[in-house]
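In what follows, a structure is listed as structure tokens, so that the remarks can point back to it.
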Amino acid sequence: MISEIISNLELSEIRDAVEANKRLDGRKNDEFRDIKIETGVIAKAEGSAVVTMGKSKVIAGVKISVGTPFNDRPNEGVLMVNAELSPMAHNTFEAGRPGEVAVELARVVDRSIREAGVMDTKKLCIEAGEAVWIVNIDFYPLNADGNLFDAGTLAAMAALKTAKMPTYDKETKILNRENMKNAVPMDCTVVASTFAKIGDKMVVDPTMHEEYASVARLTVGIRDGNIVALQKGGNGGLTSEQIDDALTRAIKHSKNLLKHIK
Amino acid sequence: MISEIISNLELSEIRDAVEANKRLDGRKNDEFRDIKIETGVIAKAEGSAVVTMGKSKVIAGVKISVGTPFNDRPNEGVLMVNAELSPMAHNTFEAGRPGEVAVELARVVDRSIREAGVMDTKKLCIEAGEAVWIVNIDFYPLNADGNLFDAGTLAAMAALKTAKMPTYDKETKILNRENMKNAVPMDCTVVASTFAKIGDKMVVDPTMHEEYASVARLTVGIRDGNIVALQKGGNGGLTSEQIDDALTRAIKHSKNLLKHIK
Amino acid sequence: MISEIISNLELSEIRDAVEANKRLDGRKNDEFRDIKIETGVIAKAEGSAVVTMGKSKVIAGVKISVGTPFNDRPNEGVLMVNAELSPMAHNTFEAGRPGEVAVELARVVDRSIREAGVMDTKKLCIEAGEAVWIVNIDFYPLNADGNLFDAGTLAAMAALKTAKMPTYDKETKILNRENMKNAVPMDCTVVASTFAKIGDKMVVDPTMHEEYASVARLTVGIRDGNIVALQKGGNGGLTSEQIDDALTRAIKHSKNLLKHIK
Amino acid sequence: MGDEKPKFLIKGGKRLDGRKPEDVRPIQIKMGVVPNADGSAEVIFGKTRVIATVYGPRELHPRHQVINERARVRVRYDMMTFSVEDRKRPGPGRRETEISKVLAEALTRVVITEKYPTRAIDVFVTVVQADASTRVAGLNAASLALADAGIPMRDLVVSLSFGKSYDEKGQGHMVVDLEKEEDNWGMGDIAYAVAPALGEVLLLQMDGDVTLEEFKKGKTMADKAALEIYEMQKRALKARYEEGSK
Amino acid sequence: MGDEKPKFLIKGGKRLDGRKPEDVRPIQIKMGVVPNADGSAEVIFGKTRVIATVYGPRELHPRHQVINERARVRVRYDMMTFSVEDRKRPGPGRRETEISKVLAEALTRVVITEKYPTRAIDVFVTVVQADASTRVAGLNAASLALADAGIPMRDLVVSLSFGKSYDEKGQGHMVVDLEKEEDNWGMGDIAYAVAPALGEVLLLQMDGDVTLEEFKKGKTMADKAALEIYEMQKRALKARYEEGSK
Amino acid sequence: MGDEKPKFLIKGGKRLDGRKPEDVRPIQIKMGVVPNADGSAEVIFGKTRVIATVYGPRELHPRHQVINERARVRVRYDMMTFSVEDRKRPGPGRRETEISKVLAEALTRVVITEKYPTRAIDVFVTVVQADASTRVAGLNAASLALADAGIPMRDLVVSLSFGKSYDEKGQGHMVVDLEKEEDNWGMGDIAYAVAPALGEVLLLQMDGDVTLEEFKKGKTMADKAALEIYEMQKRALKARYEEGSK
């Protein structure tokens, strides 16, 4: 996915390890790295979280403001998810407009949240056609070591879960972020599991070097045991069985992942 | 005009052919290629047309929406013509922001339509200062083989001629594109003839290779036998006589071209 | 500051000259070049001025329009200062979006004017929350020979001082620029002095070649003998004494500079 | 699109346009529609019309994109401004950027890229009229245009959408080749592509809400329909070849 | 610009500013106005003021624009933000892009570009104050700035506008060198340039509505006025040369 | 920010957060916070949190930025969208461009750039949470991240803000390390950096209104506080080094 080259030696080490179901960091093929979530880390944000997943670390923040609704949806608020692959976090990330890697990452995390129905945007309406809540979730890797999809989804969800609504006075049109109490309206929680195909095995939660060594990727968003989002990536193909295997495992993993989000 | 190189051999063949008034495709210097126009090709568009002119093929579509008028023209709608030289249509077209070739093409087609008074934008006013019709005509070459100016003008006119107006409810502010019946208000029709100077001859409707072989270009927009738009292009000069010759011939050609637009 | 290379010979000539307190153009280290200000040069602009400072020449124009205020400042107009380092004025200036040199220049001139309180933007309110005056000051070098900071500040101030307010009819929303009489509301005047560090000396009003020969730059904005803006530039450092020296001299120079702005 | 949600998308086994769940819309394939291009094809799925053109193998700019060992397959998916209900601004947005990426990945798998080290193979997928399933129609067109250009390939890419519709009782039903209403209001929209001879899935994107069983059922239906489209692609290429060799 | 259309632009053979149809406005030429540049000139047509500067021949970036056999003449036409009634946003828009293109084409014809293969000759045409006919004033300035820079040329480019005004009866009259009111309300606005010694028209753009006869009449008037401007250009260059050689 | 101006920012020698004029907020330094980077540090001044990462020396693109004799130190100062009260649009604006420039100039002075001709040393200064004085916190972080990356340096850069507050009588008082309220409402905000061993000021920017005497007084206070921060930087580097050599 990312153009850095890893040596042929390391490549075959990674493959052999996966074949033996004992990855270079000691995990089994169906094992996630340790996950740690810290919320409320940014006082300026309405909600925030830092997710650590092995050496990958992602920060997400929620900012809530008031804007006008889209013409064709006068009584719906707006939810926007954005990923910034800031060059601070890896030497392959470049400054400038988001490239296709950042756009895909943002859209896949957004897709899980949107399709799962995490937020009923109708509950974000203040006054139909006039004023609605705009909820922005932005996330940044603070250190990139693979599987930013799942870490980003967790960070976005954790930030949203702990976010508080500002208040808004329709008369004076003043937005107030002091003493925010009410939670953001949420209907459910979604999590994602990403698999990398190495050799003919699907390994969950790949590190960045495993991503380099893989030929395809599959991200699966799960809500209540249902599949709500899918995204295949990479220049290789997946067999039908590999897909079914990944989906089954993603449903299983979703239960553990959900535990991390209170 | 376009930086592709043609061989010196072909160059002199083209010149000799023009000199002998028998061009490589068999035409005389004052002859257009066969023109075919098909309208109503895009169900999603309010109006559309495909113009085939020899091997050049252009598609134009009209989309009509509602917007606010410009401050200094509160009771006028807006007409915008845009050309997209999509890289799909020729290996010299590049993706990205329109370059000077696309900008010139769009502006010259726009100029003919605007200056001829094809559309009285005052008839596009819905409510002064509040809501007016915005008419967008976009055209794309589907295959580029020279003289996109005249083909683009024909395509834009044919698309506009067959376009239907949506309806708009001022109260609910709802735009409705179902059962569109009324024609777009048009006051006249304009056509363009483009000449390429090869040697010291002016040949009408040049192919792309003739364009490469030419040193200057002149596009003439005609409405009711009057000249409404001119654009010289190319790094060479034209004599006063060559200009007069082209204008006279453009007036003559306009009658035939008009027959193609019902 | 600008990447053009000057020869080592010229470099040492400049340094020796500064060391001897007799610069290559004959000035002492604490001497400005001759300043000439011409106002009202652009009939289309609400205010305008050309400032000549040796071979540096800057034109500034003021345009005043009506717009909506910022949400968080409903009863304040807007003042914007912008510098355009058009490629017409020097062979190192490049076309395109303003680079960091142009941005810094604009922001430093803007800073002096803003922080000095030259304009009370509350006086630019037409109708709170609805309509306010937008004052744009744009300046362009017409010939660049160093110290565009001080020349730009003078040009902006002189253009503003001589600018006239258009009138605006709240009912018809018509802006009228005929027979403009009223001056733009101004509370004070600010000027700037820029110093270049050459060797260990601070020379005021550097030419472009002196800028090349310098390792650091300090721009000081002064209003009524107080310091209102500072900006150090360049890859070198300044000693505390060099700063104090520059500030003291800037306060002194401000009196002369003020005389140029009626 | 302020339209009302329909009461059903499928009723008595028939979809709004009369199709059965496993039916694709009428498909048309036109080869060589853009003579300027090295290869081209237009694919029509019902009211969805997409043209793909191929230029290359050709020199690759900018340099930092060059891959020493193989060709880079680049895809630019774009929609004509008037191909959709509300005029689309020209130029690709975030949606188009993502689609271009996944299409390029799917095509890279089948192109024998190692034959053209350092070169670019540029594929332009242009939506002329959109009525859902534009990216999958475009992927078929791209596969055909590559073959038309004489680019050596391991297999063709065969692509279609599948998803989940609902009947008058709100019950879900898996269907293939979604049209616009099904895309807008259905409970699942899956973009899918396979390389039949390789036995691999090359495109898989989903928005929606389906169970694992539903997904598997849909996938089986899609695999079956894909074989029909595979045959159509092969027939079109054969006809094109015979035409060319006359 | 909510102004009313005037009842006439010409009456009794006199235009709004008192000129006769064949009269150009007072023209001023100032050479060497931008000492930094390799060549520069300011041209004033009434209230229209334009500065042109030339840098080059110099190295050309980016590389893919290089022409092996000759120099590339590049033009950047731009307007200062305060040169017009309503502030213009900085940077060139579509109008400026088109004008830059046709000015570059006109200048390329007269510059002996083959003397400087692979190089760039950069011309910046900057409108300081606009009162119609800015591009033609700019083209004169560019011609002079090129000569000032010592660039070898086949001829000078002499440029002016012509067009069609109306009298109190609505009758059309051809006039040369349009000012703002004539440009806004007239029935034809033609940007025109000739290389007198070459006997060629190098710029021709028109917005309007004229008959062939009207056009020819206007062109004849413009050709006559062009010769006056040609002489002014030559005098200005001579004076500049003599000043330089003092 | 529709907030009311406070009646005072300092009263009885105590600032709003209880600090004395010469006190900096609690400062935390965390080294190596971004393992991917060649060097990194996080610096926290009260509620202001900034991370700096360093990549390099590495190859420099684009080519025209290369300096033959030395490395180019590039800085990109940016704010996370949620680091401020109202969401900041992603990507640097004019303010960020200016700050990046002055930070790069300050750092260039201390990096021994001549050791790495033609190379880039890239410094990313990212504001995680903003409560005034972000650029100076970022400059300390950048200094530490460069040292963490093993880049040879002439000195560390020590940076803080100082400015002018007012008491309940409107009387001005010089203070160091402004927090948000002091930055918003105070009468002077000065960004300041020194290289203590070199005895040079490397950053100096001011918005405000101060007399020469006030400025000098503030500078003296800032120099004193800078020495404390200098010691903290050195301690943090020492701890990092010892940790690394375990």
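Residue numbering begins at 1 within each chain, and the chains themselves are lettered A, B, C, D, E and F in the order written.
Rule of thumb we're sticking to: a contact is a pair of C-beta atoms (placed from the backbone, for glycine too) under 8 Å apart; a residue touches a chain by one contact, two chains touch by 3 or more.
The shown structure was predicted, so the numbers you read here are calculated from the model rather than taken from an experiment.
Q: Touching both chain A and chain F: give me those chains, sorted by label.
A: Both-contact set = empty.
Q: Please report the smallest number of touch steps linking chain A to chain B.
A: 2
Q: Taking CA centroids for every chain, report which one is farthest away from chain D.
A: C
Q: Averaging each chain's C-alpha atoms to get its centre, pick out the one most distant from chain F.
A: Between chain F and the rest, the longest centre separation is with B.
Q: What is the distance, in whole Å, between the centres of chain D and chain E, each centre taken as the mean of its C-alpha atoms?
A: 52
Q: Using mean CA coordinates as chain centres, what's the chain C-chain E distance in Å?
A: 32
Q: With chain centres taken as the means of their Cα atoms, state the distance from chain A to chain D in Å.
A: That pair's centroid distance is 27 Å.
Q: Between chain A and chain C, tell me the centre distance in angstrom, where each centre is the average of that chain's C-alpha atoms.
A: So the centre of chain A lies 47 Å away from the centre of chain C.
Q: Could you say which residues in chain D touch two or more other chains, in rising order?
A: In chain D, 2 touch at least two other chains.
Q: Residue numbers in chain C touching 2 or more other chains?
A: 98
Q: Looking at which chains touch which, would you call it a line, ring, star, complete or other?
A: ring
Q: Can you name the chains in ring order, beginning at chain B and moving first to chain E?
A: Order of chains in the ring, chain B then chain E onward: B, E, C, F, A, D.
Q: In their complex, what parts of chain E are in touch with chain B?
A: 1-2, 94-95, 97-98, 100-102, 105, 108-109, 190, 195, 198-212, 215-216, 219, 223
Q: Would you mind writing out the residues of chain A in touch with chain D in their complex?
A: Touch list, chain A to chain D: 72, 98, 100, 103-104, 106-107, 111, 114-117, 218, 223, 225-240, 243-244, 247-248, 251.
Q: Any idea which chain C residues touch chain E in the complex?
A: These residues of chain C touch chain E: 42-45, 48, 55, 59, 61-63, 65, 82, 84, 86-91, 95-98, 136, 138, 140, 142-145, 174, 177.
Q: Which residues of chain D touch chain B once you look at their complex with the stated criterion?
A: On the chain D side, the touching residues are 2, 33-37, 47, 51, 53, 55, 58, 76, 78, 80-87, 90-91, 122, 124, 126, 128-131.
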